[in-house]
Amino acid sequence: MADKPIKEKIYEVIFEADTITGKVFDIILLVAIILSVVIVMLDSVDGLVQKYGILFTIIEWILTILFTIEYFLRIYSVKKPLKYIFSFYGIIDLLSILPTYIGLFLAGGHYLMIIRILRLLRVFRVLKLARYVTAARSLGAALSSSKAKIIVFLEVVISVVIILGSIMYLVEGPENGFTSIPVSIYWAIVTITTVGYGDIAPQTVTGQLLASVLMIIGYAIIAVPTGIISSEMIRGSGQKGKTSRICQNCMFEDHDLDAKYCKKCGGKL
Amino acid sequence: MADKPIKEKIYEVIFEADTITGKVFDIILLVAIILSVVIVMLDSVDGLVQKYGILFTIIEWILTILFTIEYFLRIYSVKKPLKYIFSFYGIIDLLSILPTYIGLFLAGGHYLMIIRILRLLRVFRVLKLARYVTAARSLGAALSSSKAKIIVFLEVVISVVIILGSIMYLVEGPENGFTSIPVSIYWAIVTITTVGYGDIAPQTVTGQLLASVLMIIGYAIIAVPTGIISSEMIRGSGQKGKTSRICQNCMFEDHDLDAKYCKKCGGKL
Amino acid sequence: MADKPIKEKIYEVIFEADTITGKVFDIILLVAIILSVVIVMLDSVDGLVQKYGILFTIIEWILTILFTIEYFLRIYSVKKPLKYIFSFYGIIDLLSILPTYIGLFLAGGHYLMIIRILRLLRVFRVLKLARYVTAARSLGAALSSSKAKIIVFLEVVISVVIILGSIMYLVEGPENGFTSIPVSIYWAIVTITTVGYGDIAPQTVTGQLLASVLMIIGYAIIAVPTGIISSEMIRGSGQKGKTSRICQNCMFEDHDLDAKYCKKCGGKL
Amino acid sequence: MADKPIKEKIYEVIFEADTITGKVFDIILLVAIILSVVIVMLDSVDGLVQKYGILFTIIEWILTILFTIEYFLRIYSVKKPLKYIFSFYGIIDLLSILPTYIGLFLAGGHYLMIIRILRLLRVFRVLKLARYVTAARSLGAALSSSKAKIIVFLEVVISVVIILGSIMYLVEGPENGFTSIPVSIYWAIVTITTVGYGDIAPQTVTGQLLASVLMIIGYAIIAVPTGIISSEMIRGSGQKGKTSRICQNCMFEDHDLDAKYCKKCGGKL
């Protein structure tokens, strides 16, 4: 006896969230993930590193070792290890322990540890919030079904910024901060998205005129992706409220999800 | 005679807005609130404090004492004092008189008085504008029913700014103003929301490329919350298209305008 | 003979746009308006004033005198002069000639002449573009029917900027550019609307954290007015595409504008 | 034999994308276009020009000569040369070879070569992605059917920026960066579109108050074009809900999904 039950027990604790031990494990895991992300952030703040630098390094290593153990336990306990290793979560799990080791050889490499934030996606599984999954899925569906329109839209935006950016390079020139066409295109993106840092800004009258045109274009076409997504979502939410049942009496189809009788002829559904 | 009628009279004047005295009281109250908020604002302007500082302090204290009296009269006159004290308005009423007293011990504390602005929410009650309440409620309903989607959306936004902010820290480094990961994340938020102060801006080519990606993401995904709210609102306003007929058989209320038979029990409408 | 016909002729030329002389008059008028607006703009450019200042003044006066004559001819020829004087267009016509005269006594007063731009609204009447009027009306209807929601929305925005602006004053203080509460509120408006000049920007960690919250609020709630207007417009456009005709055969009501036969029973409409 | 078949063969290779040689030609063409656009961009970067300037010029000339040959082959092989020359693609093809030659006489002229980017629109034909064309067409339809409303909207925006820009010139004056009315109008556009460079920013209290108003207007009215486009798109996607049945009587096509009789002639569907 023994080997298989232990494997199964580990599987239950690590992968499932229905048992108490599984839930406790998941919550500890989430806290550890958040802690490690916060440590990475604080590790980059000058004043704090000088004071707590050694403490940060110690915590980083403890957490990384724990995550490494957890990673190998996952591989050990799962039925199809290869499938897990190459799954979305498997890759993220691996990517989130590698940076600390890379940091040994490559200065700054351990900052990549920030990718651990992606492990927080597990939170949805822990909290068992099915409606968040539904929400995410319906958002994804709306985005995916409007993919073609969004690509066309992006192509137009990119063409506009390339062409207007190049013209601005000719109009303003390096002496006004438009040092090259790539920089001018960068400026055009900053402008059309209405971000507007102001590190580069047109100085000549023609330049300001062109910039105004670009701004108004940017201001107006933001309506396009919004319209695309809105209409997809409305269509999506409209389809959800409907059942696909057909009245056997009068063949009327457009019944609500909660309908028990046909609203046209009164026949039972 | 006497005790109860007085209590009731006070109640009528302070809490109700149907009688003339009640209306007059409410309008005086609103003017006093606005006056006290304006005083707090002006009290922070250097030039004015030197000139009118004492006047401001006097008005502040007079208004605070009046609001304190009003607060205790409310407690005295209401039937269930505890329920009022811990109600939404009760807490705001308390919070809006405390700061002046706190200001005696804690410099700057009286600025918290600005919270009095929240008392202006009473204006809706005074103006008896039922449709504003309806409007607020329908906005609230749309927001609340799209809560799950908005949380998913915010999680995505936060993940993007944390990851891209960290990468920017590695790419640009402290010498270009990205002094730490938290600062870089702050920059990423400034960029993805299209605010773009420009106090921190990428200087390297890779940095500007990444910033461009972030801007276009920000520009495009603004469409997502907009789509969410729009579709919720349309669904909400669509429900107004329902008939008010009630099935006499099963008392079900939510019939479509073109329904001829109850969709719950099949009875004729 | 004479007096009345002349009055009528003037009326036809000035007020109507169906006759050839009326159309010519209107087009000349539009050109004159645009010219006078351009002159006012150029009149403020330093380099140009030194060169062409006198020319600008002469054109300004000629146009003003012509507009004054036109104004009095309008009063003379119209049937109910008082009604015209106090109408929307009448007031604009008056306001657009006054500034030049005011400029005689008050330096800079003639810049107010820019209000002449409003006279361009007449262009719609001249071009007889009924569909622009329809478009404007349907936009206006959508805005007006969502008035209550927009006011509630603005109240929330204003409360947020006042409260967060005041807190920022306490957090950042005058040494970081937040010199007073009104200035901090101004900064909060610049931030929540995602304009982000960057002339004032938070320097402390707490300040940047609060600013991030404000930005994300601003980024998210832009969805609210958009949702309001979208849902109103969709409701509005839905109603327009329908006729109010009822099938006399089966009493079905929901016919399209271009329908000639009932789509339920085939009866003629 | 000979002349015509060669002409036809060239036509097949250059204009069509169904044969293998045609596809290969199109892909080489796309790569060449992208290469030439990238070269133009890099050609403007100071550091790179000094190193690779001659290389860039050589590639530019080789590509231009190839494009020129291709252009004349197109004219030669097409059946109606004049129709091609004055078609949309024909003009773009010409415009994209001219700049290099112009650059011989006019410094900087060769930057106009960037217009070659428009040739990338051919990519859709190459990839045979019919659904992108459909997407582009449905976007175009939504934009075109809301043209009147968008023009009215732009007129309002332009009036607001002209009037508020002029007032700001009077309020702030040249000493705060508002050097002339055109510059102030430029600032107003930067502000109302929420770009906010910050190169010009109001300094006086009145100016900041007016700027706040302008920002809130800009923040609120972005909802208007969004609402317009959204409602058009929803209407557009609603039309997809139409059936494809055609009335056998009058050939009318645009029937609703639930229609039983043709709404034009009353014939049964």
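Letters are used for the chains, namely A, B, C and D, taken in the order the chains are written, and counting of residues starts over at 1 for each.
Please note the rule applied: a residue touches a chain if its C-beta (ideal position, glycine included) is under 8 Å from a C-beta of that chain, and two chains touch if they have at least 3 such contacts.
Just so you know, these numbers come straight off a predicted model, no measurement behind them.
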Interface overlap for subunit C and subunit D, more than half of numbers shared or less than half: same or different? different
Look at the interfaces B-D and A-D and say which one is made up of more C-beta pairs in contact. A-D
Going by more than half of the contact pairs matching by residue number, which of A-C, B-C or B-D reproduces the interface of A-B? B-C
Centroid spacing, where centroids are CA-atom means, of subunit B and subunit D in whole angstrom: 41
I'd like to verify one number: the distance from the centre of subunit A to the centre of subunit D, where each centre is the average of its C-alpha atoms, in whole angstrom. 29
Touching at least two other chains at once: which residues of subunit C meet that condition? 182, 194-198, 218, 222, 226, 228, 230, 232, 234
Residues on subunit B engaged by subunit C in the complex (per definition of touch): 37, 40-46, 108, 111-112, 114-115, 117-118, 120, 129, 131-132, 134-136, 138-139, 142-143, 150, 154, 157, 182-183, 186, 189-190, 192-199, 218, 222, 225-226, 228-230, 232-234, 236-237, 258
Interfacial residue positions of subunit D with respect to subunit C in the complex: 148-149, 151-153, 159, 162-163, 166, 169-170, 174, 179-182, 184-185, 191, 194-198, 201, 205, 208-209, 211-212, 215-216, 218-220, 222-224, 226-228, 230-232, 234-235, 255-256, 258-268
Residues of subunit D defined as touching subunit B within the complex: 194-198, 226, 230
